[in-house]
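For reference, the structures are reproduced in the following blocks.
What follows is a pair of complexes built around chain A, which joins chain B in one and chain C in the other.
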Partner chain A sequence: MIVDIMNMLFNGTLTGAVYALIAMGYSLVYGVGGIMNLSHGAYFMLTGYLLLWMLQTPFFIGLEWLTVVFALIIITVIGGLTFLLLVKPLQDSHVAVVIVTFGLAFLLEQVVLISPSGTEVWSIGQLRLFQGYTMVFGYPIVHQYVFLIVMSIVIVLLFALFINKSKLGKSIRAVSQDREAAGLMGINASRILLYTVMISALLAGLAAFLYLPGASLDGPSMGWGYLLNSFAVVILGGMGSLIGSVAGAFIVGYTISFTNVFVPYGPSWAHLVPIIIIIVILLIRPQGLFGKKELR
Partner chain B sequence: MEKLAKRIIAIVIIAGLGVGGGLGAWFLFLAPGAGEYSWSSKDCPGAPSGISSDQIIKFGITGDVGEITGDGAWEGCYLAAKEINEAGGIKINDTTYYIGVTREDSDEANPNLVTSRGIAAAERLVYNKKVQFGIGGFRSEALLAYQEVFMDNEIIFINTGAATDVFCENVRSWYTRYKYFWRSMPINSSSLGEQIFNYLFRLIYVLNATYSGEIANVGIIYEDLTWTEDLVTGIEYYFGPYGPLPAYRNMLTANIPYDVTLTAADMLTHVNTLMAADCDIVIPIISAQGGLMLMQHYATLQPNFLVVGIDVQSQLDTFWTQTNGDCIYEIQMQSIHVTNKTPTTIPFWNAFRAEWGHDPLYTASGSYDALNFIVWAINETQSLQAYPTLTQKMETATKANILANPELFPSSVGGLGAYWPTTHDLVAGYPFGFTLFCQWQANATKVIMPSYNSVYIDSQLSNIGTLILPPWLITDWTT
Partner chain C sequence: MLNLKIVKEKMNEFPSYLKSWVKTFTGSLTIFCLLILFVMPFLSANQSFTHVFLRQFSLAMIFAIFAASWDLLTGISGQISFGHAIFFGISGYICAYLIKYQSFPIWISIIISTVVAVFFGLAIGFPLLRLKGPYLALGTLAMSLILLKLFLMGSLADWLFGSEGISALPGLAATPVIEYFILFIFMILTFVILIQISKSKFGTILKSIRDDEVGSDASGINTTKYKIYAFMLSSFFAGLAGGFYALYIGAVNPTGNFGTVLSFFAILMASLGGLATISGAALGAFFFIFLEYALIEIGVVEIGNLAIDFGLYKFAIFAVILIVIIRFAEHGILKPLLERLKDLWDLLLGR
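== the complex of A and B ==
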């Protein structure tokens, strides 16, 4: 029984840590600009494939860690281009932004699909920083995943510090609170939105770098699953609430893990849990756990 | 008022364009017979240029384009067509015909399956490309839907990828409708389950004799999909409380079905559940990415169990690179390898590798056999009539007839290709439809395991190797 509880707790924490990183960026962009960026899951997927493609390139043999730097830079730039080329021209219409980012996600998926590595599943285990595991109460704690969880917590804390203490962070908060007032105070809201989308893409890229070396690239459509779960996380935590995203991520993570371990035949429908969460929260508390009620 | 009028005109124009565009597209591409495909020598690999559509026997392949299963079906058919065409095609009543192959994307390997895409693919093959024969299929849920298009149009369709029993049971129960349906690969789910059990029965016996009865528990982990149902039922029976062999009863201590969209974190949970259940052998029944995840965690955690089962992705030689070698020690089932299952197996293996640069997947060997099977029937009957001529000829490829006169039937590469005349299902069991158990060993080598004569006669096959256990497992079982 203790092993089952450890199994549930560890994997719930692991799942929560991954979703926290992905959902935080997703929520940030919505909170600041009211932008629902449906290509966010594709950033996660694409980072994985960028890492894979570079690892398959002879130039990077012995320089594996350079691939991480390049992949994160590229995905951040793609985030920026998404804003400049697609979101900015359409940002007055929420529906148009949703549709265009949805289209971008499909485009990125298809681009990966037609690549030579796009049709198979792959491991990028060369980028695992830690090997092996340690037994705790009869349960193997995998070192790579401990690294992920620790790094996720560190990134969340650094991010909170950045938002609250740095000049750019304060500008982001100002734009999220009142875009017009921020503009009157001399803040270039459009530029802040650009930075926000780039930061969110970077967070998705970091999640991919931390998680995928211990996991796998499951195909170009893998981004949708992460997008859906992130969506559940931010609906649960409250759209635009960073604390809510982190809390929501761990609640979703533990719920999936609990279903996997303790519910008979739970693994067959554990991934229905986020969808159920979306429906239930939207019905009983549309603003989420930490979100503010919208004034009408 | 003027604004309103403009708005109404704009709406009318947009609606007109939309409806017009939609209707145009429908007439051009979707309506039965619309936008008819023009067959030419480009569809006939290995055939001379300049041949007309009338000289082509048209085969349509359904499968997921860009996925290993669908590509395998295409590659197998392509190779078979090329060989036949290069040999001069086939003669029907003194007229030379060539084999044309075309494919449509059924998107059936997509975890988020949309069955209408498979139906649309089948309709494009039947109505627009006017195929005379169909080959392919992989995902049972998809094939169940789109097989009806072929049955509606009385076109022979050979399934080369879906194991679910029900397909061929339909032939028995409603022959008038489903008589055009056949399965050349794989053997059905129940038979697969039986062959796994037969192999494990001997393997456990051998291991217990070597390691003093250490093998006591078995676990299964499988995709919660239609194709695994019969297989799982079989394994649950064989290792359950009412199993046929008392020594193997109550061995099943973990039973994990999972959703195919699972993540690596989910798989980690399941591997830990298998470890907590003290499994000594774990049977995966996996066709998608779960296999790679399982073997990754297996390599990291080094659990005290051996992995023996179905892992479709692992059948390809690229799996070693894909997993960075984490698949080492996995024993998985595959239809062919470099061994003399039949006299044509190794030549096919070599020709396939020369053509495509990688090992053939089970859908590839099945499709190769399927196309050759149909062409054999055409040759024998000198007819293209699906029923009764070709169907009844194909129904003569029974176990008894092939054993009595093997030279009268086409040589299949996956085993002696005999079919049950009442179900059109591939006959299972050595030397007909039988699976090979292969283990990944060091340096990316894949070795055929001895089956201890449980599934195949070891001495009759070439290149049989030796089982190598993971060192941590040996340590656990000897201490």
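== the complex of A and C ==
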């Protein structure tokens, strides 16, 4: 019993920490620019595969840390290019933005699928910074995951600090509150949006770097699952609210791990948790826990 | 609501309306295309022709119905759906189940499965229509992913048939030619109904909701009611296409009938033809199916020492096409192309 409870608590915290990172950027982009970026899950997936491909290249033997730097730079650039080439010219039409980012997510999935490593399950365990595990009440606590949880909390705090204190963070908040007024104050709104999308891609990449070495690359379609779960997180916490996405991430995380551990056939039912959360929240509180009153 | 007198008047006007319609550019072109499609099966009795080439046309017709149903929901009424595979798949599964395990006749199972799809449209539309714009898109995408996972679930395999699905279904008709004509008739019916709907008062209301929801709410339109109607209508035709598709393939399985790919196809076809045009969906579907066919036929091409397998790359190519179309030509390519042609036509006739 105590093992089950440990299992639930630990995995819930772990899932929550991963989704906090992914959903925070996702929610930020929506809050600032009203952009629903459906390729956000694909960024997470692609970072994992970028790391894998670089680790497979002989050049990077002994230089594993460099692959992380490169992968994060590449994913940030891809995020920026997504905004500049696809989203910015179409910003006025919600339908077009959604379709075009959906198309991009699909393209990235297919590109990975036709690459030589597309159809198998891979491990990028070389990038684990901490090996081994400690038994606590009979449940193995993997050190890498403890590192992830700590790092995630640190990143969330740093990010909150960045948004609240730095000049760029203040501009981001200004644009999200009133785009036109921010423009009149001399803030280049589309440049701020560009930075926001790049930051969100970076956060998704960081989440992939922290989580995937301990787990495995399950195939290019895994991006959709992360997109779906972060959508549930963001709906639960309220679109555009950072506290909301962090709180929502942990609620979703604990719910999923509870289902996994205590419900018969749990791992299969856990897939249904996000949609149930989405529907329940939409029916009783459409703006989410911390969201603004109106839902755009 | 239904005034018999008006209906009678319209019925009397119909022949002359048809006559004048045929004389217009779109009318004559449509009749021309339909004639080509009509004589198509009689061109050759060759096995490879009827069983391979003609079946591609049948597939294109099924997808034309599917894409048109998506276009009604997203193009005409502005409710973005990324999970149209829900209705397509559920209808296919019900149809397959009824035929295989309850030994229902084919047509009754198609009718039942379409009705079930409509109920799904109602059940999904009701909670999800609180969402607007991009939220709805993700909500429907989430729904379709969930259904896909439910059907793939091993522990539910006793009820939902697991990843194997249901196979060895009877065909829609005895020969590909009869199948072709059945689908041909249903495609024409679908398009006539959908185009008439989009031109009717109901269609105008849907368009007004798309263009300005607050405005149409203020002018006394019950927007939720009409959006649910649009959802149900769209799921009706998607369900019809789904039932036909299950019988066309002869089997149903989770990835083949619920996959995100199918929703993506509907979006791609409708965007190729042009959003909110309904008839564009048919153009897009035919273009798309034959592009896919061509890519598979081309197969592996060797450029230098680089071998490119187009059959494998097709989805990536489609994704690029979708991105490019939405980015540079939001109104589609085929329909505007036809409009240019029409200008040329008018110029030639000196109108």
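The working rule: the second predicted complex is superposed on the first by the 294 of 296 C-alpha atoms of A that agree within 3 Å, B and C clash if a C-alpha of one lies under 4 Å from a C-alpha of the other, contacts with A are read in each partner's own complex, and residues count from 1 in each chain.
Throughout what follows, contacts are C-beta pairs under 8 Å (C-beta built on N, C-alpha and C of every residue); 3 or more make two chains touch, one makes a residue touch a chain.
As the structure is a computational prediction, the values presented were derived from the model and not from experiment.
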| item | value |
| --- | --- |
| Fit or clash between chain C and chain B when superposed on chain A | clash |
| Which of chain B and chain C A:184 touches, first, second, both or neither | neither |
| Partner chain(s) touched by A:284 [first = chain B, second = chain C, both, neither] | neither |
| First, second, both or neither for A:38, with chain B first and chain C second | second |
| First (chain B), second (chain C), both or neither touched by A:216 | first |
| Partner chain(s) touched by A:265 [first = chain B, second = chain C, both, neither] | both |
| First, second, both or neither for A:106, with chain B first and chain C second | second |
| Partner chain in contact with A:135 - chain B first, chain C second, else both or neither | neither |
| Partner chain in contact with A:95 - chain B first, chain C second, else both or neither | second |
| Segment of chain C intruding into chain B (one of 44-52, 224-232 or 296-304) | 44-52 |
| Footprint overlap on chain A, comparing chain B with chain C | 113-114, 221, 224-225, 265, 268, 271 |
| Chain A-touching residues of chain B, taken from the complex the two chains share | 66-68, 71, 110-112, 224, 256-259, 261-266, 268-270, 272-273, 275-276, 288-289, 291-293, 296, 300-301, 313, 316, 318, 322-324, 326 |
| Interface residues, chain A side, partner chain B - complex | 3-4, 7-8, 11, 14-15, 18, 113-114, 118-123, 125-126, 131-133, 139-140, 142, 144-145, 211, 214-216, 218-219, 221, 224-225, 256-257, 260-261, 265, 267-271 |
| Interfacial residue positions of chain C with respect to chain A in the complex | 74, 78, 80, 82, 127-128, 130-135, 137-139, 141-143, 145-146, 149-150, 153-156, 260, 264, 267, 271, 275, 312-313, 315-316, 319-320, 322-323, 326-327, 330 |
| Residues of chain A that touch chain C when the two form their complex | 36, 38, 85-86, 89-90, 93-100, 102-104, 106-107, 110-111, 113-114, 221, 224-225, 227-228, 231-232, 235, 239, 265, 268, 271-272, 274-275, 278-279, 282-283, 286, 295-296 |
